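Lettered A, B and C in written order, each chain numbered from 1.
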Amino acid sequence: MNGIAFVWQFLEVVLAIALAPLFTGWIAQCRAWMQNRSAPPLLQPYRMLRKLFHKEAVLAEHASPLLRAAPYALFGAMVLAAAIIPSFVTDLPFARAADAIALIGLFATARVCQALAAMDIGSAFGTMGARREMMIGFLAEPAILMVFFNAFLLFGTTALTGVVDNYASHPSVVDPSVIFAAIGFVMVLLAENARIPIDNPATHLELTMIHEAMVLEYSGRHLALIEWAASLKLFNYACIGIALFLPWGIAIHGAGLGHVLFALAALIVKLAVCGAALALIESLSAKLRLFRAPEFLAMAFLIAVLGLLVHLLMGANTSA
Amino acid sequence: MEILLLLGLPLAGSLTLAFLGARRHAPEVNAGFSLATLGAAALLVLRVLHNGPLLAWREQFYVDSFNIFLVALTAFVGFTTAVFSRPYMRAEHIHRKFSPRRLRLYHSMYQLFLGAMLMALMTNNMGLLWVSMEAATLSTVLLVSLYKTKASLEAAWKYFILCGVGIAQALFGTILLYFAAARALGHEGMSSLLWTHLYAVRTQLEPTVVALAFTFLLVGYGTKVGLAPLHNWLPDAHSEGPAPVSALLSGLLLNVALYAVIRAKTLATGSIGSMLPNRVLMAFGLVSALLGALFLWRQRDIKRLFGYSSIEHMGLIAFAFGIGGPVANFAALLHMTVHALTKSSIFFAAGHAAQTAGTQQMEDIRGLVRVSPALGWGLLLGSLAILGFPPFGVFTSEFLILTTAMRQHPWTTPLLLLALAMAFAGIFSKVQQMVFGENPAAKLTPSPALVPVYVHLAIVLMLGIYIPPALAGWYHAAAQMIG
Amino acid sequence: MLKSYLVVELLKLLAAGMLLISFALLATRRTQRLIMLFAGQGAILFLSTCLVAHDAGLTELYFSAALTLLLKVVLLPLILHGLLHRLGAQWDNERLVHVPATMLAGLVLVVLAFGLAQPISMLATTIMRHTVGIALAVILLSFLMMITRRKAVSQVIGFLAMENGLFFAATSATYGMPMVIELGIALDLLVAVFILGIFFFQIREQFDSLDLHHLETLKEE
C-alpha cells in the first residue's frame, strides 16, 4: 500500500460526490431529448441542491432525532459505498475493507435508515412509502446478489476490485452468463433507484410514488442531502455496472498516471453512454402498476439465476 | 416405376381435383384416381411377391414385407373410402349446405393425404418419413374443420397443435438418430438417414443417443397413434370431421404413425437391446387400451365412441409389439390390418347412421334395422367384429395377443381382459340400442353406399378363417425383422 | 486454434441470446413484440449457422442459413404481421398470470434439457456441442409457452419457436440435416403457417375473437 493509492481513493470519492448530480442531470436531459421535450439545463441538479441548502430546514414538532440523523447517515453510507466501488482505479485502500456483499449490506443500511425516518412522524404517506420501499428492497436484494454471484463465479473473487483486476487477465470474450447478469442488473438498478418501470421520481401522485413518499417530510438541507444521496446511489449503481460488465480501461494495480487519466476519460464516456441507455430504457417502457413490481424483480432474480445455470452447465460441458 | 405411379397418381389427382372444383363428377374422379392408385399398389404387390424386397430410386424408397401390406391396405381403404364418400358427401353437401369450394378442398386434400401416407410408408429415409407425416397432418387439418362449425374448428385446432408439438418431438428424435448415424456411418449426408443403412449398422449406434432418440420418436409419432396420455386430439378429430375422414384417420393414419414408431423400434432394439423399447411400448399400450375402454362408457356421440375404440385397439397393438417375439408381432401386424378394415367400415356405417338420424348423438339414433336393414346389420356386424367375435379376424389377433401375454407377462392378462370386457359391454349396449331400439319416426334416407362396409367385413371375416399364404409370409418375415 | 476458440465463445454467446429470447417469449404480453422476438431468434439462428458454416467450411450449411434468413427472419414474421393487421389484432395484449412461476418452471426445464443433452454433448464432435443443451431448452421452453398461452397467435409463435430450437439442435449436434430434408421441413412449416392463417380467420368468424378459451367445449364431462 503506497501513498498514491490514498490519493486515488480521495480523488475517487470526491469525483463521485461531484459527478453524481451531473449524471442525474444528464439522464434527465437525454430523456427530455428522446421524448421531444425541451431539456432542463445539465446543471439543474446542482442548482436544486444549492437552492435547498440555502433554505431553512423545517422539522415536524414530534420528530425524533432519527429524522434529523437519517439524511446524514444516508449520505454517509452512499459516500462510503462510492469509496469501495472501483470506478476508474482498482488500487483503493478502502476496497479491501469490504467486498460486494458488504456493499449490498451498506445499501440495505441506508434503506433501513430512510424507511425508519419516513415512519418517524407517523404520517400516512411516509409509512406507505417506507413499506413499499422495503418491499422493493426485499425483492431486489436477492436479485442483485445473484447478479454478483455470476461475476464472482466467473472471476473467482467477491471483491469488485478483484473482479476488475481479474478481468484484465481473462480472455477478452464475454461469457454467456454475463448477458443474463447484465440484464438482471439493469432491472435491479431501475427498481432500486426509483426509475421508470417501478417508480417515477418526477411524479408526486400518491397512488404510485415510492421514493418521493418517504421524503415528503423533509426540507432544506436535509432534503438536499437526501436528493444528493439518491443521485449518488444511482451513480454508484452505474459504476458497479461498469465495473462488472464494462471494465475495459479501468486502471489496475500499479498503473501509471497516463493510464489513470485514460481510465478517467473512459469512465466519463462510459457514464455518458450508460446514462443515455438508461434514458432510452426509461423512455421506451411504461410505468408498471405497483403490484407488478414483485413480478419484475422476480424476473430479474430468475434471469440472474439463469445466468448462473448457463455458466455452470455450459462450463461443465466444456470440461467434459 | 410402380412406386412413382403410387406417389404420382394421388398428387396428380390432388391437382386435377383442385382444378376441377365442385363439378358434378368430382367425386367420381376422386374414386377413379383412388382406383388407379389401388391398381399401382397391386402392381407393386405383384412385383414384391415376385422379386422380394425392393430398393428404388437411389435407395430412397424401400418396400419390404413390413410395409408392402400396409401400402396395399392404404390404397385399398383409400379406394373404398372414396367409393363411400361419393354418395355420402353428396348427401352432406345437400344436408349441411357447405359451399362448393369446401368440396373442392375436400377432394383435393383427400388425394394429398393418401399420397403423403403412401410416401411415409415407402420412403427409406427417416427424414422424409417425418416430412411426409407432417404433410399428412397438414392435409387432414382442413378436412377435420370442413364444416366450419365451432366444434369442428376446435377439434382441428387441437389436432393441429397437439400433433404439431408431437411431431416436433419426432423431429428432434430424427435429428438425434441422424447424429447417431453420422457417428456410425461417417458423414454421408443424405444416406445416413436411410433406414436400410441404419438397420445394417444398428448394433454400432451409440446406445445412449439411440435411447434418447427412440424416446422422442415414440412420444412424437405416438401422439399421432393416439397413445394415452397423448390421445386428446383423437376423439375430437374423429367426431367433428366428415365420416370418410374419420375412416381414413382411424383406418390409415394411426397405422402409418405406428409403422413409424416400429421402424424406429427395430433400430433401437438393435442398439440398446429390446428391454427398454419393449417395456415402454407395453406401458403405453396397456394404458391406452385401458383408458380407451374406460372412456367408451361415457360417450354420447357415435363417432367419438369409436374414436375411443381406436385408442383402445392402437393400445392393444402397441402392447403386442411391446411383448415382442414372432407370435406377438404377427398378431400385432394382423391386428393392424383387421382393425383398419373393420374400423373404417364402422365409420362408414356410423356416418350413414348419423345422416339417417340427422344427428351424431347416440340417444337419438334408434331402430336402424327398421329404417334400413342393410345399414343396421352393417353397423352391428362391424361392432361385433371390432369387439373380437369369432370368426372375425379381430378375434384371431386378439386371441394371439392374449395368449402370448398370458405366457410371457401373466400379470397383464387381467388388465387386458378388463379392457376388452369394458369395451365389449360399452360398445355392445350402445350399438344394440341404436340398431334395435324403438324408432319414433324415420328421418331422411339418402341411398347409402354400403358395399364398402360389407366388402371390408367380408375380408375381415376371411382373415379370421384363412390368411392367404403370401400375406402370412409377409407377416412372418416382418415379425422376424421387428424382433 | 485461437480463431476456433473465438468462434466457440461467440457461438455460446449466441446460444445464450437464443435462450434469453425464449424466456422473453414466455414473459411478453404484446403480440407484436412476440413476433419481433421470434424474428430476433431467427436472426440469431441465422448468425450461428453462418458462423458454423464458416468454421466447418460447409457450403451446404450456408444454404440452410439462407433458408433460415428467408423463412424465419423475413417471410414468417411478415406473414404474421400481415395476418395481425388484417385481423385488426395488432395491438392485442394477453393476460398472463404467474409469469414468475412460469419462468421458474422454465428454469427447471433448462436444467432438465442440459441433463438430457449431456450424452449428446459428450459424443458430438462439432464445435457447437456445448450448445445442444440450450437447443433442447429452447424446444422445451417453446413447449411451455404453447401450454401457458391462450391466444391462437401466441401458440403459433410458440410452435414456430420450437422449430427454431429444432434447427438449432440440428446445427449444434450434426451440422444440420441433409438439405432435402431441411427443404421439406421448411415447406411444411410454410404450409402450416398458411393453414393457420386460414384458421385464424375461421376461428374469428365463429367466435369473434382469437382467444382460445372459447375452444374448450370438447371435453369429457
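Following the convention adopted for this analysis, a contact is a pair of C-beta atoms (placed from the backbone, for glycine too) under 8 Å apart; a residue touches a chain by one contact, two chains touch by 3 or more.
Small disclaimer: the values here were computed from a predicted structure and weren't measured.
J.: Of all the chains shown, whose C-alpha centre falls nearest the centre of every protein C-alpha atom combined?
T.: C
J.: With contacts defined as at the top, give the pair, B-C or A-C, that has more of them.
T.: B-C
J.: Taking mean CA positions as centres, which chain lies farthest from subunit B?
T.: Result for the farthest chain: A.
J.: Would you mind pulling out the distance in Å between where the CA atoms of subunit A average out and where those of subunit B do?
T.: About 64 Å separates the centre of subunit A from that of subunit B.
J.: Would you kindly tell me how far, in whole Å, the mean C-alpha position of subunit C lies from that of subunit B?
T.: 31
J.: Take the average of all CA coordinates in subunit A, do the same for subunit C, and state the distance between these two points in whole angstrom.
T.: Here subunit A and subunit C have centroids separated by 36 Å.
J.: Quick check on the complex: what are the subunit A residues that touch subunit C?
T.: 171, 173-177, 179-180, 183, 294-295, 298-299, 302-303, 305-306, 309-310, 313-314, 316-318, 320
J.: Give the list of subunit C residues in touch with subunit A in this complex.
T.: 5-6, 9-10, 12-13, 15-17, 19-20, 23, 27, 99-100, 103-104, 106-107, 110-111, 114, 118, 121-122, 129-131, 133-134
J.: State the interface residues of subunit B toward subunit C in the complex, per the touch definition above.
T.: Against subunit C, the touching part of subunit B is residues 125, 127-128, 130-131, 134-135, 138, 141-142, 145, 148-151, 153-158, 160-161, 164-165, 168, 171-172, 174-176, 178-179, 182-183, 189-190, 193, 206, 208-209, 212, 236, 239-240, 295, 298.
J.: Which residues of subunit C touch subunit B in the complex?
T.: 60, 116, 119-120, 123-124, 136, 139, 143, 146, 152, 155, 159, 162-163, 166, 169-170, 173-174, 177-181, 184-185, 187-188, 191-192, 195-196, 198-199, 202-203, 205-207, 212, 214-218, 220-221
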